[in-house]
Amino acid sequence: MNYLLVDKLIKNALEEDRVYEDVTTLSIVDNKSRAQVELIAKEEGILCGMDVFSRTFEILGDVTITRYRDEGDHVKAGELVALLEGETRVVLSGERVALNFLQRMSGVATMANKAAGMLKDYGIRVMDTRKTTPGLRYLEKYSVFVGGGNNHRFDLSDMSMIKDNHILAAGGIKKAIDAVRSRYPFIKKIEVEVENLDGVMEAIEGKADIIMLDNMDTETIRRAVDFIDSRAIVEVSGNMTIERLEEMRGIKIDYVSMGKLTHSVDALDLSMKNLEILV
Amino acid sequence: MNYLLVDKLIKNALEEDRVYEDVTTLSIVDNKSRAQVELIAKEEGILCGMDVFSRTFEILGDVTITRYRDEGDHVKAGELVALLEGETRVVLSGERVALNFLQRMSGVATMANKAAGMLKDYGIRVMDTRKTTPGLRYLEKYSVFVGGGNNHRFDLSDMSMIKDNHILAAGGIKKAIDAVRSRYPFIKKIEVEVENLDGVMEAIEGKADIIMLDNMDTETIRRAVDFIDSRAIVEVSGNMTIERLEEMRGIKIDYVSMGKLTHSVDALDLSMKNLEILV
Amino acid sequence: MNYLLVDKLIKNALEEDRVYEDVTTLSIVDNKSRAQVELIAKEEGILCGMDVFSRTFEILGDVTITRYRDEGDHVKAGELVALLEGETRVVLSGERVALNFLQRMSGVATMANKAAGMLKDYGIRVMDTRKTTPGLRYLEKYSVFVGGGNNHRFDLSDMSMIKDNHILAAGGIKKAIDAVRSRYPFIKKIEVEVENLDGVMEAIEGKADIIMLDNMDTETIRRAVDFIDSRAIVEVSGNMTIERLEEMRGIKIDYVSMGKLTHSVDALDLSMKNLEILV
Amino acid sequence: MNYLLVDKLIKNALEEDRVYEDVTTLSIVDNKSRAQVELIAKEEGILCGMDVFSRTFEILGDVTITRYRDEGDHVKAGELVALLEGETRVVLSGERVALNFLQRMSGVATMANKAAGMLKDYGIRVMDTRKTTPGLRYLEKYSVFVGGGNNHRFDLSDMSMIKDNHILAAGGIKKAIDAVRSRYPFIKKIEVEVENLDGVMEAIEGKADIIMLDNMDTETIRRAVDFIDSRAIVEVSGNMTIERLEEMRGIKIDYVSMGKLTHSVDALDLSMKNLEILV
Amino acid sequence: MNYLLVDKLIKNALEEDRVYEDVTTLSIVDNKSRAQVELIAKEEGILCGMDVFSRTFEILGDVTITRYRDEGDHVKAGELVALLEGETRVVLSGERVALNFLQRMSGVATMANKAAGMLKDYGIRVMDTRKTTPGLRYLEKYSVFVGGGNNHRFDLSDMSMIKDNHILAAGGIKKAIDAVRSRYPFIKKIEVEVENLDGVMEAIEGKADIIMLDNMDTETIRRAVDFIDSRAIVEVSGNMTIERLEEMRGIKIDYVSMGKLTHSVDALDLSMKNLEILV
Amino acid sequence: MNYLLVDKLIKNALEEDRVYEDVTTLSIVDNKSRAQVELIAKEEGILCGMDVFSRTFEILGDVTITRYRDEGDHVKAGELVALLEGETRVVLSGERVALNFLQRMSGVATMANKAAGMLKDYGIRVMDTRKTTPGLRYLEKYSVFVGGGNNHRFDLSDMSMIKDNHILAAGGIKKAIDAVRSRYPFIKKIEVEVENLDGVMEAIEGKADIIMLDNMDTETIRRAVDFIDSRAIVEVSGNMTIERLEEMRGIKIDYVSMGKLTHSVDALDLSMKNLEILV
């Protein structure tokens, strides 16, 4: 876990929530009070973000967390996930920030798990995209991986992805590939996004490492795959839904990428309940 | 718009995406090339985040944006939202970051609009919660407002909200209210979250300014409202869905708050298409 | 104590003073030398800021501080407040920064204590304002509280305060109140600053939660209070001096606010003396 | 003016005051409204900080400031200092932060002016110390200079100042001076703080560049000065008050330094009045 | 140019040099003085960093720079590179920081140019490494490119480079390659660093994309290249000097990488001379 | 060691190298693996930067470092400098950043040691300049000191150095000195850079504390020194090479300053070898 980054994200969220000015908790609970409280799953899903959850309380003060379930575990509604014991003020004031991270990360992992599970037995992997929440890309891509998905490029530097507007700018797929290869001859792989069979042919001619079939119907995907015939890695993309994934079974593609995994996720419902004052 | 904050968020997202190391664009497009490109809505919804979208390109270089639709407008699938004209490199490299903000903010505004619309004619307002994406609370609460919703407290300092765990810590609702009133006698309103009619009575006795009916069935809500009889503002909350909102019509409550408005939102599909090189 | 903020303030002050380039101490004392030194009050007052004082040395290295007097205590001239024992370099180089915090905070607490003490037996509380030192508001408002004063709103978001220029902009008190109530119907209290009895009447009509009687003579204050007759909380303000506070005794007001508590404070004289080299 | 630093200070203060969440102004004034407002001196003093005042509004938006009085000018109670014209929201929301800087800086300049004026005709200069407000040293030392005072060292690296605890650590004045000279043989001047005539003699023997007579009575100061006889620069210090300065007239000292100039200052009363909506 | 980063680097360097406290310039030159000054090359080399040089003065104030030579140009000793005209204070105080960037960047470009030129006609490219100055990698890699060299991976994420210690950790080259390919099946190329012919064979078996021949003598390099026979890209590395490069001519390798290009560079001598006061 | 600064530099370098995204190490080594690895000198020189080297690993995780040689030691090619034992991932991923600091710092110390050694027996000290790497001045000046050299002023505020362009701006040496002395009468020493004997005379007349003989031939230096005759400290500067230093022996100068010590340094070759997995 990249704590240089994660600590910044947590501290930023703590300031955003003005955790140190929690007027309710400061009034009700004194400095020395200690309590225990339960972390409970309120719906079924994949748990993700427990290190971020724990680190939030660690930054705030003295809280010990006993985990009954951990990173990547399948949890059920009603299950006790962890028991927190420590400073009452810290537990109460840090709750929302810690849960906001945990719920979103678990939500992403849960959806990635569902999507990846649809295609696992067919040798096709499900990947995320760069359509992530600004500032949280590291945590969201981590959650996709924990859920069983794979990560596409992290950023614009990670590899070359030639998209429709690049092709328009370059004046053709072949020209675009040549331009990238000449400027970065060495370490960058090249992927081309194509929308029809002509595009596929041009990409093959240009020796693209990866071809992304964008927004094609299932029949066109089949024909593209036949044409490519293992001469490039094949990725399918374009408004993929969990339902649509089923149609991909049995087609010889390598990857499906889904923006939804990170841009349209439901938080997993988890909550802190049953606080008990110890001292 | 709080540009002190927004600029930090945008710059952070640009660094996260390594916009200046966009290997594809740097290879294909030269320094002096200029282009125009269309911003198009690919589904119906409420547009929100145009200032953040524009500011992203402004930070990166020289791009002029002509808006055909603006903040809060209802857009339809296929509609031309804006036309960008400027440095091709900036347009291509900044696209994803600008859209990531715009799509999320429009997604939030769209859901808030739908929810608020369900109750508008019944004098009940729909509010957000603190269940927001870490780091983006300002933008998400802004989007809720643009969509027609209202904003609950921004953070833990904004007012006092006495929740279940606080009541457990204090040893009762009355004690909790008294503690807050004694520590912050002056500027903070006090809201109490109650789960049953006993709680409502205690909150009324304690002279809470606002009572939140948490996770009650519709019949109990009605009885609580009768009992309260305008002696406090009434908020209803607890896993509210768009569907459930309908049941609230005609009940004399003031607010419904929904975590979903910010924690489980679908991004609105918008995209940059049809790039044309000008120079 | 908000250490996320306090640590930033201390580190910033240490860099400002170039504590690590203390040419005198680096020349005279070697790396391994340890010493003890006394923290002594050189005048009478209320001690405040001991946690910030201690944290400064903790950030710099290994120093143990034994406190003989603590936060909020009344200290006398000549009294031994604490004994520091640890790295000689840290003690000598950190001294000025640590004292600059402690002396200012104790100065604020001392003045707040004096002011609050004048009215304590009359049920009137003394409050600070937003006229604080840029960057130090948190520490100064904390010091007012430690000294026995109360805190008015922390910032522009905390509640609505309608002042003379707002009234001019809105075209009247009533219009101003209505505008705020319509935009923030829910969690924000509304205070109006009025300069004469007409203003008081308008504010009462508008149902302001709090009325601030600004710069009125004592007789007018009395008449305003009579008119208000408990229909709103009453705050008195305007170039309040310690002397003027006496006149407020017996008038039925709730609060007096004083800018002086934070903008025109004398530091309390404390100093580190009698260094003794141990090793 | 060091805008790299000043901009950070201003932005920090704007965030501290949550200027972008000014609930009152956002409710009352719309986006496009423009106004003018007067900056008025409410008491007599030296004006200082006008660049910081202006820069605050410049950072927030579009406001033009016409200055009738400028940096270092002597202003009288009631005088019109400047006229602001621009966005009403910016003017109202930025007011407090801009004034907090201006009032403190003018307060420092005013006290420095008074102190320096007491000794100007006697060839003695008045200096500040490092007893400044954490984070604001640059602005406070600048204000001392604008007011007519001089600046002592900025920080611990600027020169060597050997104080009582250093002498205790080194085991004598001579040893302390030698240690510094051996480690920093070149660019750093050496000042020694002495409390009695023996100290003066030792400092002279050690060839200190500057001797600070600390907390001596006037008679001892005279004898020290006679003994030094221009062999070192002479600074007098120790709880100096405006009153005490008078006694220094005619004694052959070079500098008097006063902590009070920055640690115990009364803000100068300035205020923004008579707002008039233009559009 | 990545100005988000470059501006941070420049501002940091300006603070490091305390450009706003330039005691010499502040004393000698007043606020309004304007001057011109020449930027002159004092030795032969490749000019690089002019945008950073210019940006430094732009951040500080009003200076216009007329460039007679630009990025990547070959300059001779004594040549006039640019003429600066603007605020005298800015020109004098910013000089050292601006030159420190320009001289280092030009030094890197000059060495890269010399090295790349040795092999250009032989189809072999010269690359940098990650042995860069902490904090300046972006500028140094940019300078290598301007000088005619190529850039190896930017950081540890850019591709996989399996080095000696990784092979020891994995228990063999083949195992190491398989581990990387299984974890990052998609976008990352894999390079293996080998020290002898056995390593070469194992890397070929493992289907490494790139093989780095590390610290081999020329004869072994020839034999490795024969064995590889275009089945992988070939990079040669290991304490490469300008002299050694000559031996590589005519061998069928693709790249030579040199740490020296960034870790042991002589600054190019450039200086600002002949200041003339204009106003 | 200034850890407030050093930690920032290290964290910045770790982010620059994306140490947490080390795709090779993350694939090959698991979370719990521990190893030992040797730090070996590959050429002769002065070791410097061991605290920064150690701190890098400390920031990343759990690694214990046993030092066989320490700060300022003379190391030989092949010598074992330290043994690292700890988390394998941390050791492998942090290696390059830690070495980049250590190699540069040791390079600077080695060159400073060589230069200072040439003149040590002749009572002449060798100093650095402000021609340092942007951002690393503190570490480079520290390395010069560890190597046996002395530090000239740290920044533009540290003392006054009147250079050729200042003299042109002021209209003469005498005028320049007077301007500085009048503005900073107190704590700043004044050095003048002169290029010929006329300049020397003017500087002596103006009572400069230090005279820098810039770019003079050895014969002129001798005559200047004769003329100065101990009335000022004498510094010699201007494209000084190790060879040229020899000519200075026996001339009565106090300091020689060399830009080369920091702007044109060869990194000392050190490397981490022979990793052995423990667990």
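By written order: A, B, C, D, E and F. Residues from 1 in each chain.
Convention: contacts are C-beta pairs under 8 Å (C-beta built on N, C-alpha and C of every residue); 3 or more make two chains touch, one makes a residue touch a chain.
Just so we're clear, the structure is a prediction, and the values are computed from it rather than from any experiment.
Taken together, chain A and chain F share the touching chains C, E.
Chain centre most remote from that of chain E: C (centre = mean of CA atoms).
In the contact between chain A and chain E, the residue numbers used by both copies make up over half of all numbers at that interface. Chain A and chain D have Cα centroids lying 53 Å from one another.
With centres taken as mean Cα positions, chain F sits 35 Å from chain D.
Per-chain CA centroids place chain B at a distance of 45 Å from chain E.
Multi-chain contact residues of chain F, defined as those touching 2 or more other chains: 21, 154, 157-159, 188. Inter-chain contacts occur between A-B, A-C, A-E, A-F, B-C, B-D, B-E, C-D, C-F, D-E, D-F, E-F. The residues of chain A lying in touch with chain E in their complex are 125, 127, 150, 152-154, 157-159, 185-189, 191, 210, 233, 255. Contact residues of chain A toward chain C in the complex are 11, 14-15, 20-21, 59. Residue ranges of chain C in contact with chain D, taken from their complex: 9-10, 12-13, 16-19, 21-29, 33, 35, 37, 88, 91-93, 95-97, 99-101, 103-104, 107, 130-138, 155-166, 168-170, 176, 179-180, 182-184, 188, 239, 259, 263-267, 269, 272-277. Within the complex formed with chain D, the chain B residues making contact are 1-2, 4-5, 154.
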